[in-house]
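After this come two complexes, each holding chain A, first together with chain B and then together with chain C.
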Partner chain A sequence: MHDPIQNKITFSKITKTFGAVVANQEVSFSIVKGSIHGVVGENGAGKSTIMKILYGMFPPDSGEILFDERSITLSTPHDAIQLGIGMVHQHFMLVPTLTVWENIILGQEPTLGRLNKAAIVKSLEAIKTLYGFHVDLNARVESLSVGHQQQVEILKLLYRDASILILDEPTAVLTPQEVDSLFDKLRTLKKAGKTIVVVTHKLKEILKFTDFVTVMRQGQTIETLPTSTLTESSLAEKIIGRKRIPLNRPQVLRAHSPILSVESVSLTCSNSTLLKNLQFQVFPGEIVGLAGVEGHGQQELVEILARARKDYTGKVTLQGKDIKESSTYELKQQGFSLIPPDRYREAMVPTFSLSENVILGHHREENIKSGAFLSKEKMTQFARELIQAFDVRPGNPDQEMGSLSGGNQQKWVVARETAREVSFLLAAHPTRGVDIGAIDFIHQHLLKLKSQGAGILLISSELDELLELSDRILVIFQGEMVAEVEKEKASETQLGLWMTRGHQKEKCP
Partner chain B sequence: MNRRHLFQVLLGPGLAILISALLTAGILLAFGESPAILWEAFTSTFFNGFGLGYTLFYTTPLILTGLSVALCFHAGLFNIGAEGQLHFGAAAIIGIALLFPHLPPFVAIPLGMLSSIVAGGVWGWIAGFLKAKRGSHEVIVTILLNFIGITFVNYLILYPFKNTQVQNPETLAISKSYFVPPLSDISAFFGSELFRTTPVNCTLFLSVIFAVICHFFLFKTVQGYELRALGQNASAARFNGISLTRNTMIAFTLAGALAGLVGVNEVMGFQHKLIEGFSPQYGFTGIAVALMARNNPIGIVLAAFLFGAIHNGAREIEFLSERISKEISIVMEALLIILIAGHQFFIAKIIHFFKRGSRD
Partner chain C sequence: MIDIFASALRLATPLIFAAMGGFLCERSGVATICLEAVLLTSAWTAASVTYFSHSPFLGTAAALWVGAMTMSIHSFLVTKTKADPIVSGVAVNLLALGVTPILTKLLFGSPTNTAALPLSERMSSELLLGLSFLLPFLLHFMVYKTGWGLRLLAAGDGPQALETSGVSPAKVRYGAMALGGAVVSLGGVYLSVAHASQFTREMAAGRGFIALAALIFGKWRPIPAFLTCLFFGLTDALQIHFQSSPLLGTTFPVQALQILPYLITLFVLVGFIGRAKPPLAIGKS
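This part shows the complex of A and B:
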């Protein structure tokens, strides 16, 4: 397709299986030297596997990797690093209590003798100016924003003189402004001759920033093509293998009394203000979006609403009743549902089976148990119905939930939380780490709940999602509600600014 | 569970037992003792009624303490306090038996059992309460409660309940109506001499029944489900209305009750009185038992039998050898624990090596 001399990396018929699961099947594509190359696909499409093979984390069963046209064998990440291949993982590998420069040299420090800080800092400063990075080398990593932590990760690779940078879902935790700044830096690196591979499922970024795209589906490479030939919808179709169903946002008249009312809620913890005088309402049949950079009080708000913490001042009422006065079980009976922000940690028990997970929180209900015992029969029956309704795969009620893909896990959480009548749903990052097919499904489902009259508070760091689903958008910044806009009046740039800099509260008409 | 699966489950522990036996043999050799006595101890532990009787006698408390530890493990809690809890259970039986000596057996025996359950349960609950309500770490709390509990029970043995007729630090004897019949009575009924003069008694059956109950409790009941959910993922459980405080207290109370039942075996089944230092650290060995069985209640019965056998085998070794004392059991148990805990590093590698060898 391209002049073969330009290719930095070529995968040739790479196959990798894990037990009975084929993660990569004869994956073949080339990465052009000095380009930004996107690898896209749904969860479980095999894009992480192929990148981990390139980083030497596990060897392929068969196939060949060419590096600068020479065949190479990688048995450990160390081999990859030696060749100049570096990877920024989705979850950063940094030591929070060490400073930036200490983190960067970690693993490269001399085993004997003195650490020559001056020389290290000097060479790092040179790298910084060369590629336009702005990080204080002496700052502790824990004091840095996520965007800056990512810069540290990239600096780490540059310090090791990497010529290929693999970034796994680099924008998952960034604000729109941080995303732009990240890709600015990647462009600079590209100009300096570095080859950059970005694994992501965000179509907009792929289209905006990459030169070539490889689409993967079910472990196979579907196509590799220049980004300029693609549009968002054509790319999405290639990824999911079918047309996307357009969302139909139903309009529901606002009821008079709110389903959820948050009244001057504040939270302070050891002298730092986590939430400051929050005041908002959610009405039946509306989706209220809560935009904000992660760590600006959303987690605390979720915990308060989920009754996981009670050390706040102010009042939260559900259907006019203070939630402090009911038990979690009673709230669930009232139709309060919750999709927690961290699926793996807060929404599911990975070692439990699907049927054990789907009754979590409802395990005391009469239709699940018989006397003090859980009824295996009823559980399985219930699970089977939901598997069918939500198309969860593989659909075995006895399978461990931890072994499912992220998208199917999330579907299962949504299934559990919405299987019963829902009056209020708190959906925190409902589509995080979920593939396009499942995102569409979950979005449709949220809109269906809305049309059935449920009030939904949608917390998300994806502005696209908020703009697509919400009727109203609130912006939280440093624990404070800084803006409230009707969906029609909201713009991505304006929201991004509020999210990062705060704003004088606008009164909503 | 098919046969192949069962084989795979038992392969790891089986290899661990074999390796630790070989290492122990090496240690015996290093002390100038013939490793053959290991074999002799082995046969006399398993293949005669007397040895087997003692093995089963030691098995009984280890099943109970193993269950006690495992129950807490399932809830994500670490109960190091079984030692104190079982002391409490044993002392309670003495107290009740001395208070009501003239009850008929069908009242006395259940009452004795109940008192050990309640006393152990209360002592366990204290740890659960401190953890749940005050946020104290359960490991620290249970260790400290062990000191307090054991010391308090020793005080009871030496002062209020002391048998002043003898020099030994022991309590007065309980009345006959509290005696749990030894297994030798049952075999004698059938005209057999099996287990004659050994202390193994019907508490063994009781402990096996409790293992089965624990299995059903953990895997079939709503309450067991809550405990396991908490143990596997506490935040997900909390988000779904499963109370951490309530379940922590429940887990520790039940764990204490199970450990407390050890008193039945010791006091009602064997000594018929309480002697200072009666427990050769059953509570701590229970941790190893639970670990070896990976907290599976039925596996605990098997693991407890193994540790009971080691314990008894070590007694035999002491009897057979002039150079080796019974503390060799601690060495062998420790080796077992290391091998089981380091499964990935030792056993799995060996199995992997042989599997690869057979494929090539």
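This part shows the complex of A and C:
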């Protein structure tokens, strides 16, 4: 930091617009070579854009990038690769049907003549040993776990001899253990002299693993500073530009009878067990967290509770009544609400307006009808009130929902699902792909519902979220409930272990 | 008996060329239902150029070029203008169906056929037949063992991955489709100047589609597709044999054999004989 331009990659007043949207406005900061540099900000703060500019995917409208003291022009990824810049995209760029070694050499291979597989594999093995990677070079990429696919992406960059590695949201899909192992590897790479730029919105990782942090907000760089000078709350404040509202977890006495009761629910589908003897209850005024790596039965559980599938054995009751015996409409009347896991596909109609989306499933209610017909006026009025209550922007009831940001879409889903009296809320990944401001808002809202006596089942892959909100945490592994802990006794490490390796059943209460 | 097998080989040859060309095109990630069009334009070109130049080799060279260009219309529409590949394929098929009789009428006076070639100016059937037996193995090597092939497969199964690796999938597709078009053209050449001695209207007679069926049945792999073409050739030969066979006479419904290739393809697509998985980029724009 003391040496002004030497040994640095410097962005100088980079501006990039897409139509009327300013993605980056005079972005200026430096990355010290040989360090791990974090770039943080909310969704839409312009982090990914500036990184894609560095990787040559978008040319900037104005401003320049300096390498040491030299100004460079990057107009295609090919230029960036030539300069030793490599990028691991948030959505992996791998060919699923090809093998690992084929994916790694893609684009670098001689086009004429037979590929010398033996020599390629030998040089890749050397790279693997040098940096401590463990991945089978002959495996097909589609058969690998996400963590291993990410290793392939990083190996791809190392094979290209990249000295600057950009990782866009590398931990979004990883378990806590995989995150640790990823950053171990990144540290090894740093020791070998590589520069690593990590784009993320996860504050803990930034604080734990980076040397410097650049904070971005609304397309601008706010500050670049050494990580050691920051705390989680000071960093969060810089990101959202205001103080965070502290969460206030109300204590609610447990009622005697559960609102939701799941009794020995099992689900098998063509000989594979998807859910195995699930047994748990949710009481009014309680948030029960369900932790687990994605794909371990959460989706199926959501489908069962939402009455989307009925091919299970066992029984699910809401307020003592078997949900198989009620229609979805009757469940809603009982105060059942659902925030589905896939917002875009399951929770909204992107081409419908806000006011149309907010009455989905509630169109029979009297407050939006005049006589037998829907009243546009009343719908708009209803939507206006909710827009104000939930601070949804832009707040035009006639705007298409698909044009809103992820955070505002999600707030709108929450608004719809909780506008009426809620007795039980199934919240599946309620803050996925949502910025910190909206996360805070949704968290506050869930706690408010809890204090009003609603029972909430919170499914999330973010352990932070579960630990912050839940009263009890259940862990699901391969369709089986492997652990249950009170919030006070839960630790992130222990949960992470249960999520990946299961747990001795007899220890569960 | 030997007659039937010889006839099966003759009938399979154009199918093999069409299927192998189709293999290159589809593997690059573009759905290609216009093999029929390429067969027609190349067959027409081969017959006409040979007739005027008296050189079957010049005719063949011209046919290869025209076939590559016909396919390039398709790849241009799909890659550059982002047309739907099925719509574009239908358009190119209809274009070839219309253009060839018009040109025939302009040059030869009748829209139904070009002038017949003397035997000495015809292309050797055996040469093309031999080539059609080598080609699948050559393509297998080129696509699965070389760097060029790796890029072709990546263009079909993960174009974004290819692009971020610094290689343009569009360029890979243009190249593969032009080459594929040229390969299909050999089938057209076979039809008009080796197997027959002139171009006749609609002479491809659905072979482009049967080749496509063979490609699907072979699960988009060259050697299985090649074997399927041989099998389809055999069913065709049997059908012709039974038509004139005194043994079965008119009582045997030859249509039963004629529909066999289509029936088999349907079975494959429905998933009875192992699922056929097309290149991943096909069907996505």
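Assume the second predicted complex is superposed on the first by the 475 of 509 C-alpha atoms of A that agree within 3 Å, B and C clash if a C-alpha of one lies under 4 Å from a C-alpha of the other, contacts with A are read in each partner's own complex, and residues count from 1 in each chain.
Just so we're on the same page, a residue touches a chain if its C-beta (ideal position, glycine included) is under 8 Å from a C-beta of that chain, and two chains touch if they have at least 3 such contacts.
Just so you know, these numbers come straight off a predicted model, no measurement behind them.
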| item | value |
| --- | --- |
| Which of chain B and chain C A:V22 touches, first, second, both or neither | neither |
| Touching partner for A:L225 - first (chain B), second (chain C), both, neither | neither |
| Which superposed partner A:I72 touches (first chain B, second chain C, both, neither) | neither |
| Which of chain B and chain C A:L207 touches, first, second, both or neither | neither |
| Partner chain(s) touched by A:I105 [first = chain B, second = chain C, both, neither] | second |
| A:F373 touches, of chain B and chain C: first, second, both or neither? | first |
| Which of chain B and chain C A:A347 touches, first, second, both or neither | first |
| Partner chain(s) touched by A:A419 [first = chain B, second = chain C, both, neither] | neither |
| Touching residues (chain side chain A, partner chain B) in the complex | 306-308, 327-329, 331-332, 338, 340, 345-352, 356, 360-361, 363-364, 369, 372-374, 376 |
| In the complex, chain C residues that touch chain A | 141, 145-148, 150-151, 153-154, 157-158, 160-167, 280 |
| Interfacial residue positions of chain A with respect to chain C in the complex | 76-78, 81, 87, 89, 93-98, 102-103, 105-115, 156 |
| Parts of chain B lying in touch with chain A, wherever the complex brings them together | 220-223, 225-226, 228-229, 232-233, 235-242 |
